[in-house]
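Chain IDs A, B, C, D and E follow the sequence of writing; residue 1 opens each chain.
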Amino acid sequence: MDSKPSGSPATFVDHLVVPGDLVVDLSSMTNQTIKLGGGLRQDCDAISVMKAGKLRFSKPNKYWVETSQKRYVPCVEDTILGIVVDSKADNFLIDIKGPALAFLPVLAFEGGTRRNIPKFEVGTLLYVRVVKANPGMNPELSCTDASGKAAEFGALKDGYMFECSTGLSRMLLSSPTCPVLDALGKKLSFEIAVGLNGRVWVNANSPSTVIIVANAIMNSESLSGVQQKIMAEKLLQKIQVNS
Amino acid sequence: MASKGAAPSTYTPTPTKKTRPPIFSDSDVDWLRPDGRGFHQCRPAFFRTGAVNSAAGSAYAEFGNTKVIVSVFGPRESKKAMMYSDVGRLNCNVSYTTFATPVRGQGSDNKEFSSMLHKALEGAIMLETFPKTTVDVFALVLESGGSDLPVVISCASLALADAGIMMYDLVAGVSVSCLGRNLIIDPILEEETFQDGSLIITCMPSRYEVTQLTISGEWSTAKLNEAMELCLDACSKLAKIMRSCLKEAASASQD
Amino acid sequence: MEIDRDHGRSPSQLRPLSCSRNVLHRAHGSASWSQGETKVLAAVYGPKAGTKKNENPEKACIEVIWKPKTGQIGKLEREYEMILKRTLQSICILTLNPNTTTSIIVQVVNDDGALLVCAINAACAALVDAGIPMKHLAVAICCCLAESGYVILDPTKLEELKMRGFAYLVFPNSVLSVLPEGSSLVEGEPMENGIITSVTHGVMSVEEYLKCLERGRAASAKLSDFLRRSLQSQLSNDSSKAA
Amino acid sequence: MVGLSLGEKHFIQGGIDQNIRSDGRKRDTYRPISVETGVIPQANGSARIRIGATEVIASVKAELGRPDALQPDQGKVAIFVDCSPVAEPMFEGRGGEELSTELSVVLQHCLLGGKSGAGAGIDLSSLIVAEGKICWDLYIDGLVISSDGNLLDALGAAIKAALSNTGIPRVQVAAGALGDEQPEVDISDEEFLQFDTSGVPVIVTLTKVGRHYIVDATSEEESQMSSAVSVSINRKGHICGLSKRGSAGLDPSVISDMISVARHISEQLINKLDSEISAAEAGEDEM
Amino acid sequence: MGVPDASGDLSSEMEVDAFRRLFPLRYFERHLSESVRPDARPLGRARDTTLALGAVASAHGSALAKIGSTTMLAAIKMEVMTPSTESPDEGCIAIDFHMPPICSPIVRPGRPAEAAPVISKQLSDTISSSGMINLKELSLVSGKAAWIAYLDIYCLDADGALFDAALLSAVAAFSHLQIPIVSLNDDGKIVVILEEDDGTKLEKEPVNREKRKLTLSSIPFSLTCILHKNYILADPTAEEESIMETLVTVGLDSSSRLVSFYKPGGPVLAYTSAVQDCVALTRQRVKELQEILDEAISGMEID
C-alpha cells in the first residue's frame, strides 16, 4: 500500500468499508478537489460510506466504493443490457433491473428519423447506453454512442442471456481481461456482451460452447482470480475429454 | 393481560329480575315516558360546531343520552378512481363506538345509516360547486340513546355548514315512534325497542321540503298525517336551535 | 450479586453470533442472523417504483413485513413492524431514490429470546447486502433487569421470563474514522453513541435505565465489530477476484 | 347506466307530461305482470316475477332457530337481495353491493313492520314452535336477473308470491324438556302448513319526472327522475312502510298526495297479483 | 443546500402562511432559535390539558381527555369471564385503541390507521408494566368467574401526542370506574343486583360488596418530546410531528419509576444528556397531570 502525504484516506484505499465509515476528512485536505464515485457521500467535512464494498482510489483524485448487488441503480454512461417490455409512440419501455423502467426514445438510433422507427418485439434484448439518470425521473437510454454512431449498440439476436451480480459484470469488463474470460477465450470462440446492470449475453456456434461459457461465468461469482482460472480450465478439460 | 388466542367467551351480567317490557296497552293512555317527557315533547338539543380541529368542519350533538360527533373533510380529491364528473361526490359513513350500545358491540360501520345519511343530505348540498372532488362526512355515535339517525343527520348538516360547504338549507331530522295508539316524538332507546312503527323525516325547514322520509310499521292515513305534522313542526324548531348555534359560533369567531 | 446463566455466561456476554448474507437467491438482498438459538431471516426487495399511499413521494419508502414462525400477525407483530420501519428509515438515505419502495420481509425462524433485536440486526445486514444506500449501520441489543437490579445482556427465552424490565436499544455502529481522536465532537458533545431506537418493557428506575444504556453501548461495540467482520469476510470473497 | 341523448330525454319527459309514455302506457298503468311459482324446488317457496323486461326471483327458506330473548314469542325473518351481474355488467364483483343493501333495507322496512313486530306483513307469532325455545327462521332471498326499472315493486310482488307458495313442515315438540334444555323436535316431511299471505303488503313506487309522477318506471324513465317514493300498502289500505329515493326534496303536501295515489293504485295491484298468483299456483299443481 | 438560503432571502417578502407551507422546517427553526413555538409556547411546555370523568353514561367508567386539541374518549365496560386455569383468581384487561375516520384526514373508513394497533399495544404494555391495577381485585369467584375490563379508547381529534392523551384518558377512566354489585345465581351465572333492590330483601348475597372501586397504585403518565438538533420540544402538535420526525415518549409512574422509554428510530440520535432532559421534563409533567387527575376526581366526589 503506497502511503500518501497529508492525513489522507490512504489507510482505507483497497480496504473493505461498511456504511457509516468516515474515509476522507476534507478539513485536513488543503486546496484539493476530489471526485466522489458511487457509494460515497459528503456530510459537511467528512466523506462517509453508504454502501458496503471496497474503497477504490484512482489518481489523481477519484474515490469510489466498489459494490456488488442484484439490483442495478442507473448511472450515466453505463452500458447495459435491457429487455423491451412495451412500446409507446415516442419511447420503448425497457426493463434494466432498476427501480423504474427506462425510456428508450424511438429516435435514439443511428440516423433515426420518424420514418425508420425500428420495430422491437416485447422481450427483445438490447445493448444500450444510459444517457440520463436523474432521481425522480425514469432513466433514458440510447442505442448510439456519444457521437451518434450505432457502435455495437442495438438488439442482440440469438444467444443466451443470464443474470449475475453487478460486481461480477464489472469484473468481466475490467482490464486487463479477467482470468475466467481469458482462460475461456484461449480455447473457445464466442461472442459476449456484458451489461453493467448484471446481465450477460453469450453467443457461439455450438450450444455446448454457450453452456460452458455461461456456467463458467456464473461459477466465478465468488471466486478469486486464481480459482477462476483453475475452475475454467477444469471445465474445458472435461469437454475436451468428452469430445 | 389481554387474553390472546382463543378469547374466552364473556358476557354482560344482566339484572336478576327480568324487567318486563313496559306494556303500553291500547287502553292505557296515561303512562309516562321513562324520562318524564310529554308524548310530543322533544329532548333538549345541544349542538356545538368545531368539535374536531383536524377536520374541515365538525359538529357535536347531544340529545339526552344520544351523543354524536360528525367530521367533514374536503372537498378533496376522490380516492376512489372515479370517472370524470362535473358534480362533486358526497361520501358518508356512520359508525358506532364499542360502548355506544348497552351490550358491548363491535363498533362497526353501519351501512344502512351511512346510505340513509347520504340520501338525506344529498338534496341539500350544492354538489355542482365542487366538481371532480369528494366531500367526506364521517359520523361517530359516541353513545346511542335512541333516535340516532335523525341526530346524526342534523349534526352532519351543521358540520357541513361549519366546513363552509354550500347548501340550500340546513337539514333537520326528527323521528316519531308509534307505541300502541300513541305517537311519541324523539323516542329514546328503550321506547324504540318496543315501538310498533317509526317515521323519520328529514327536511329543509326554510324551503319546506322533505329530503328523506322513511316509514316502517303499519300506519293509517290519519295517524300518518298527524305524525308528519308533528315531525315537520319539530324540524322547524330544531332548525332554529341549529341556526342559533351557527350564529353564535360565527359571532364568537368575529370577536 | 451474580446471576447464574446457562453455559456459564457472564452477565454482559452475548450468545454466539452468526450472520450470513445472500442466503436467498431471488431476493435482492438477504441475510440470516442468529444469536444463540434465536434466528431470523430477512429479505429485501427493491427499490421498486412508486410509494404507497400516504407516504411522501419525495423520499424512498420503506415497508416492513413481519412473518411470525407460526400463526397470524397480531398487535405485537404490528408494533415490531412499526419499530423496524422507523429504525430502518432513520439509517437509510431516503432522498437518494425518491418515489421508490423497498420491502423488507422478516421471517422468524426460531425465537429464543431477544427476538426484536435479532430481527433489527438481520434487517440491517440484509439492507447492506441489497446495496441500499445507508448513513451507517445499526446494531441492536437487548438489556434485561433482574429483580435484584442486575443488568444482563442478550437473554434467552427462559431468562426473559425471570426478568422484570427490558430495554431494547439500537445504536449506530462504532465509527471507523480517519479523523484524529477527540476531534470528532458532535455539537459540543463528545462522540458517544446516541440511541437510534429505544423500547422498554416493565418498570425500572431512571438510573437503572441509564445503566442499561451504558452496558448496551459497551456491548454494541462488540456487535458492530462482529457485523463489520462478517460483512467483510463475505465481501472479500467477491472482491478479491478483481485484485 | 342509461345513456340518453337530449332529444330522447325531452321525448320521455314530454310524453309523461301528456300522459302517454314512450311504450304507450298512461302514467298510472303497469306493464304486463307475469307470475310463476315454485321455480326453485329446493326452497320452501319461490316465485319468479316479470314486469315488462324486469325479472326477479324470490325464494323462502325456513330453518329452525332460537327466538330472540327480547321477543320470545316471535320467529325471525331476514330479507336479502342480490343483484346478479347478468342483469347489468355494473353489478359485477362488488358493484351491485350498494344497490343490494339499499333494496334489502327498504324491503325489510316495508315488509317486516316496526321493531316490536307490529304491522309486519308476515305474522311473526305464527312462526313460533315452542315459546322462547324454538321458532322458524325465514330467510327470504331476492335475486335480480334482469333490470329495467321498478325493482322494488317487482321484488315486493315476488316475495308476496313466494310466501304464498311456501309450505312449512309441521313440527311436533317432544314434551318433557325442562329449564334451559332445548326440547327435541320431530319435523314432518308430509304435512305442510301454508302461510296466510293476505296481510302481505305490495309496494307501489311513484317516480316523479318533471311535475308528474308515474308508476312502474322503466330504467330510462328512472334516469330522468328527480325523486321517487316507494309505499308499501296492505289490503286494508294501511301504509306499512315508505321510503324515498332521489336527491330532490319534496313538499309534504306532495308526499301526502302521492301516498293517496299509491293507495288507490295498490288496490288494483293487489287484485291483479292475487289472481296471477292463484293462477300460477293452480298451474303448478296441474303439472 | 441552496433551498434554505433562498428561503431566507424570500422570507422577508413572503407572507407568513406561505412561508410556513413552503419551508415548514425553516419556519420552525426560526421560531426555535427564538426559544418559542408557533403557538406561542416555550419549548418545554405542554399544551393545556383538561379531563372530564363520566363522559359516557352507558359505560362503567369513562373519561374524556384533551391535550390541546387532541381529544380522547375512553370508556370501560365490565363483563364476566371464566378465568384461565393458570391464574384462577385474576381478572383481565383488554385494551383497544381506535382511530375512527372522524379524527384525522388521513384515516378513511375501511382502512384502519397504521398507528392504532401500535398504540393499543403500547398502552397495554405501559399499564401492565406499571402494575397500576392489581388483577386479583377483578376476581369474583375463584376459578369460576372474574371481571374482564374492556377499555376502548377513541381518538376524536388527532393533533399530535396521541399516546400521552390516550394514556391519560385510560388511567382517568380506571379511576372513575364503578364496578356493579353482582351475585351468583343458581345456574352459576353472574347477575347484577339493581341499586334499588339494595337494602330490601336480597335473593343472593353479593359477591363483591366491598370491591366497587379499584385501588390504583402508581399511576403511569407520559410525555412525548421531539428531538430536533439540540432542541427538545415537549408535547408536539401533529404539524410538529410531521416536520421533525424524532419522537421520544417517556412514561413515568407516580413514584418516578420509568415504565417506558420509547424512541422508534428517527434521524436524530438521543445522547445521554437528551435522555436525562426528557426524563426531567416528564417528571414535571407527571406532577401537572397528577394534579389534573386529582382535581377531576375530587370534582366528581363533590357532585
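What we mean here is this: contacts are C-beta pairs under 8 Å (C-beta built on N, C-alpha and C of every residue); 3 or more make two chains touch, one makes a residue touch a chain.
If you're wondering where the values come from, they're calculated on a predicted model, not measured in any experiment.
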Study note, to complete from the structure: Farthest chain from chain A by C-alpha centroid distance is chain D
Practice item. Please list the single chain whose C-alpha centre lies closest to the global protein C-alpha centre. Key: E
Point to revise | Whole-Å gap separating chain B and chain C, where each centre is the average of the chain's CA atoms | key: 51
Revision key, fill the gap. In whole angstrom, the CA-centroid distance of chain C from chain D equals 63
Exercise for review: For chain A and chain D, let me know how many angstrom lie between their CA-based centres, rounded off.
Suggested key: 71
Review point. What whole-number Å value describes the gap between the mean CA coordinates of chain B and chain D?
Key: 27
Study note, to complete from the structure: Residues in chain C with touches to at least two other chains are numbered 91, 172
Practice item. Mind pulling the residue numbers of chain D that touch at least two other chains? Key: none
Check your understanding: In their complex, what parts of chain B are in touch with chain E?
Key -> 1-3, 8-17, 51-55, 58, 65, 67, 69-71, 73, 76, 79, 93, 95, 97-102, 104, 107, 109, 136, 138-140, 142-144
Practice item. State the interface residues of chain E toward chain C in the complex, per the touch definition above. Key: 106, 114-115, 117-118, 120-122, 125, 129-131, 229-230, 246, 248, 253, 256-276, 279
**Study point:** Touching residues (chain side chain D, partner chain B) in the complex
**Key:** 70, 98, 101-102, 105, 109-110, 112-116, 118-119, 227, 229, 234, 237-252, 255-256, 259-260, 263
Exercise for review: Under the touch definition given earlier, write down the residues of chain C that touch chain A in their complex.
Suggested key: 27-29, 46-49, 58, 91, 93, 95-100, 128, 130-131, 133-137, 172-173, 175-180, 227-228, 231-232, 235-243
Point to revise | Touching residues (chain side chain E, partner chain B) in the complex | key: 56-59, 62, 69, 71, 73, 75, 77-82, 84, 92-96, 98, 100-105, 108-110, 124, 127-128, 148, 150, 152, 154, 156-159, 180, 182-183, 185, 189-194, 197, 203-204, 238
